[in-house]
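Per-chain numbering from 1; labels A, B, C, D and E assigned in written order.
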């Protein structure tokens, strides 16, 4: 097991390296740099601009910049944000937990919705309950997520006023108190629910198919031949076996969610990494953009690894030695 | 005349492990097997599942890369050739597969299936091709009209015959039959076995017949090789193997053949018990400390046994 | 003479080899009334959209008219106008055809890429497979939304073609994986080995033997993807990284809804486009699921 | 002091007093009695979170400056003519040779930590800005004018010879006299030296003392900052103008799209809105809309040459748009009035010249180019741009195919519409105008292309935000690389010089010079000024004494506990 | 041997195919007595598995119709509710399936899967259940039962898995065990072991066994009585001796003749023409085997043939056996 993890980490190195090259090249390709905005101010002389560029190392040849950047990353230093003027890691750190929290709650809600629905429609397939779930699935699949999120925001945020319409926490409560965490949760519920209601569709569909698949499997027949009541057959055998691939997807799911928060954070003005990314693209804050992409790339790789580990833990057939 | 000579054939599959997935060990699927096939004879390979029978067959056809050894066919050393270079020899060596369901492409008509080798090797006009296909369908006892049907419209036995027809179109010298009847019912099995015998006579075919049903093997084969864990433990003509098995493993195998006469049940059970005991006791005599069979030693002109 | 003719006829039959997958699919669609209805609806709807988009002058539709901004639906503008005074109905027609074309192109492109990579990796296995799979893994490890945004900002000229290419880079991997796994399974079947022993070259085996056998999976995946891809650019447009307004798409129309005023009070701008996306996705999905059932004998109806 | 607007970044907004005819009131009309220590929710409308560099010396983004206004301020206030007066936290005196300005800080002006604001605090600001390690962008041409600044900046000395401090007094001497000094040309934001002296100058912008616990001397003090999201202020009871009316303020970043919604529900009390939200806000019953004409103007520029970075001079050598008739024709072809009224709901109006209407130096006699299609066509015909091949598109003077490439950027919601409108209008007079690269440019690439004189661009649409100082040479001088149109004209050069000469301390003289200059620009049309604009904010009806244009947060009060819904 | 454990009367099991029911098991009647192995033989598709699953009522009940009587110890299982049936399944009747790999839950340890049976049918404590399970594993000849208890099915060889299946079936000491082709997937040597195991278990427990197989040689080794099925019908019933010494029905005789014998080398084998008709297009009005013996004139067969008792306990369907001879011999 440890060997496996070690090997996977070793394999990650070239992948991350390649990712860094691509990300860096793309960032350099982007029109303008962090000082373009500043250079619009006529009071700043070209000499001063040159000086500032020199200071930021923007005048060096690309390979020199790349070398500096990548060796920084290797030491956990993503450089300094041009707009925020603080180390990128701090900029991201301010927001990453919001995003992780959002992703986590979304994930929990997704599964909370998906599992009962999937199970019900899989077990009672072709009954009315299945039809309702399937109908919901079709609709969810066809609804653009941001339209749905916007409507949720309007209905529950503005019209009914049940949920806050932006931010990650009420600025009036003090950090660390119970009210603080409650407020965080309050802020996260609406965006998370909006995502979950749509994102759950894939999982429901998958789970449903898995259950239908499993309920006619030979081992289910064996279980029936033991005289186990049908409900118990589901709880003891079919659910477990059907949930397994979903558990294995957990890793991918998390990273997918973190990456997918771009839209939802923008809509709900939720200060997370996704929103940071979009604004940094606009501000040409390469160090932030590249760091976010690198980080999420790494997270995805970790997620894949996590998935594999989960799978090997829950599925005895796959043993990682 | 020796048609095929296999010399110290080894096929090892690497087992990878460790941090860098380096090769830590090998599965010795075939581990130093030598035998030869004379023209026109049927050579049977028996052994329990996983003993490496199919692997030998596939290695001859280069469907699997062998690790070492020589395969001499008609005086040519096949082991030197790559998959592509094998093409001219494929005309002479053909294979019949175990599963009549998966060995025919479900999306192809019978005509296309049978004509596939023709299209690869000969440039026939449409008319010639059709005639040829009909001819072979006729040979394997299928209605020529069947050529426009799809495999799923046939029974298992018929399908197996389509597979055989396909193998025959190139007029091969050697046919490797990998458990050609084990997926079939007894009744259908009989049909196919008869058929293989008829064809052998007609086309002067040589068979390498792989099987695990000892009844079938005996029915079909002139010479039999018994395999155990990638090695031959005994080889000889049918009578020698069945009437006078020498190796302890062969004895056990023969004893496992079901007794058709219900009257002799008890006797058979006794015999099996005896042999099982013997097997346990004599095991170290027949296998070395790694559980590997010894090399074959001739005990008569035709009979060879793996003894220390 | 006559015989030769008969032969020729037979030959034609012979050439028509695989049991036309299309036919089977059609049979299956016919069984499902919902799918059949969707199919006819799609056919008629898309045909009329495309015909209309040829007949209407695109220039006229794209022309801004600052004197008729945000008009309610009326006789002059059946579905009203947008913030630039452009006719919504006209944009809807072009938007639908653009969005559908984009979706179709992406689906075809990714299918082709996925097929090539998947078939080759699955069939040859070993190092080839390893290399291709590592590439796929790598692409999958990229945070795609973000990479797409970066790409979009980087390309000097953002056109429909560019958009299609950028999206395709990130979307082919799933298909390649699926096809690879199916190919792997198919390769294990003995007919592939049979073909090898018969001297059939690899490429022929891949194209003429394996491909037809996984075609149903491909077609199902294709339809479901087609549906999924229709809404693809909406999210990007919403974030402000979409196609320029000169290329109207359903996404452009829908993304006007991010203005709360439009969302709340000017339904005619975004609602029809949203409805079209919904309906298109639904009907393609219905067809896709009917196909899926047909590909999967266990779930087949009837 | 020009800055680019319409991009994601905004320059420094200077408060000014001038008041032209106004569609809106600038002060809330609420006359109910104020309640004590009320709480106000301020919405910071921005689609980018504030970066949190809370120092006048260091911040770059507009959101940060909007936060700064609550807790920090300039030592000097300006009057209606953008000239410093003595009403602020300090008084000033100008020396006779107009080279030295002396500030005297009033006694009870204290930092939030209780320390008095002294001359050395202001000196420290100069020392920081001029320091070679300084990372901000305030080291500009005006700064270099301070005597001894350049030596200090080069690191030769560790003091600025032109600055003398004496307790609460500080005098700043410039190398030359220039009238801009009194219109914002001198730095007046002190920096709390005692508090910040331990922080290395290079680290200031990332230090917690700037980002998390910033200290100013404004009416409110920072209580808590949630990075990127929100700030909590409490009143500074020791404020030099007296205790503020409000007890506390919550500032919250709000997505501009949602601003009106948030004000409608009473979630926010005050928020700035853009023109396309005006429609929505107009109908709300619980708010009041405030507005004033700002310093920004939009324009369409012609690329007439290029800037040579080596010799640092502009060469007007591009023949494509050199024909004045052509430029005027383009100007007459667009209907700025309609654009202002229809697209911007009347919140923008035609700009007649390149000095904003709000400015004292604005030349209101110039009529500007009003929509006249016939005249456009005639001008083109006269100049010889005639459709020779009958395809409805005019060819150039040599009869060759003539396509004008137009660059515009995707600033606000209407930019795409506007660009298309222009192209359409020009098409109507027979000119083939195409968007560069077929799409709107993103802010950064747009200015990259414009600044580097990308040959792809013939004309471009942009906007400037003028400063309170009327001197336009920053963007019109031939040695300035911000002269994006690359227009070089000797008369203009002379007039610009006159506007900065010591003689120009005479306001009347200065106005005459600039009037003449504006007329010249109008006649030569190196750029078509298109629109002036209103700045808009909405305030809940419970807000009292909020002056949008000239905000003094210590005066603002609320008249009810909860927002009117 | 007086009272049968299981008595099946006119059992008909029909599957719904395209809205219509087609019988796959057609009026089958037989009984199983204590300590007896009844073998059911026939080609693939004859309805053997359908029969086995019918007894356990394991078919998908929405698409299957079971008619007739399945009398288990005097009670008719056909009328049982699902709940009553669950008391029979596993406890009274055990079943062994053909594919031991797929028939075991891949995610559960072997021990748990065996124990499950005990959990639902006995009141044993957890510890006792575990002991009983290990005892069962020992009984079926698993060499390291305590270790195997915690292993997963994929970690075992085919023969081991089949042993686990057997121990699941016999966990509650059922009086009847149905073994549906228990050895088909196994090697010859292992096949023998499994059969002997079944026999030895039977010796201890006196249970009745229904052994389903298509391999006549297996039958000869272990069965007491043989039921030959063809196209859903019983075509011949008799004791082993009767069937092997004096096979009557043409089908039985053909089957026996087509086994490649170990003695008669290289002779042509007997071939049964044609194939088993599918349940959808089958002529149910006449002798179902008649299409495969075309050389026997039509009137030699009965119209809707019945079983005839030719000797005590020996029944044959249709009179055509009287006219049957092997073609060509």
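In this section, a residue touches a chain if its C-beta (ideal position, glycine included) is under 8 Å from a C-beta of that chain, and two chains touch if they have at least 3 such contacts.
These figures come from a predicted structure and were not determined experimentally.
Q: Could you run down the chains that neighbour subunit A and subunit D together?
A: C
Q: By number of C-beta pairs in contact, which chain pair leads?
A: Top-ranked chain pair by contact count is A-D.
Q: Starting from the Cα centroid of subunit E, hunt down the chain whose centroid lies farthest away.
A: The most distant chain relative to subunit E turns out to be D.
Q: I'd like the Å distance between the centres of subunit A and subunit C, where a centre is the mean of that chain's Cα atoms.
A: That pair's centroid distance is 25 Å.
Q: Measuring centre to centre with CA averages, how many angstrom lie between subunit B and subunit E?
A: Going by mean C-alpha positions, subunit B sits 31 Å from subunit E.
Q: How many angstrom lie between the centres of subunit B and subunit C, each centre taken as the mean Cα position?
A: Computed from C-alpha means, the inter-chain centre distance equals 48 Å.
Q: Please work out the Cα centroid separation of subunit A and subunit E, and write it as a whole number of Å.
A: Their C-alpha centroids are separated by 54 Å.
Q: Which positions in subunit B touch two or more other chains at once?
A: Nothing qualifies.
Q: Check each residue of subunit D and list the ones that touch at least two other chains.
A: 258, 261, 442
Q: What part of subunit A is in contact with subunit E in the complex they form?
A: 216-219, 221-230, 232, 236-237, 240-241, 244, 314-317
Q: Would you tell me which residues of subunit C are touching subunit D in their complex?
A: 62-64, 66-67, 69, 83-84, 153, 156-159, 240, 244-246, 258-261
Q: Give the list of subunit B residues in touch with subunit C in this complex.
A: Answer in residue numbers: 58, 61, 63, 83, 87, 90-91, 93-95, 97-99, 102-109, 111-112, 116-117, 120-121, 126-127, 130, 148, 150, 163, 166, 170.
Q: What part of subunit A is in contact with subunit C in the complex they form?
A: Contact set of subunit A toward subunit C: 15, 18-19, 22-23, 26-27, 29-31, 138-139, 141-147, 150-151, 154, 212-213, 216, 255, 258-260, 262-263, 266-267, 277-278, 281, 289, 292-293, 296-297, 300-301, 304.
Q: Provide the residue numbers of subunit D that touch subunit C in the complex, in ascending order.
A: For this pair, the touching residues of subunit D are 257-258, 260-261, 276-277, 279-280, 338-339, 342-343, 410, 413-414, 416-417, 420-421, 424, 437-440, 442.
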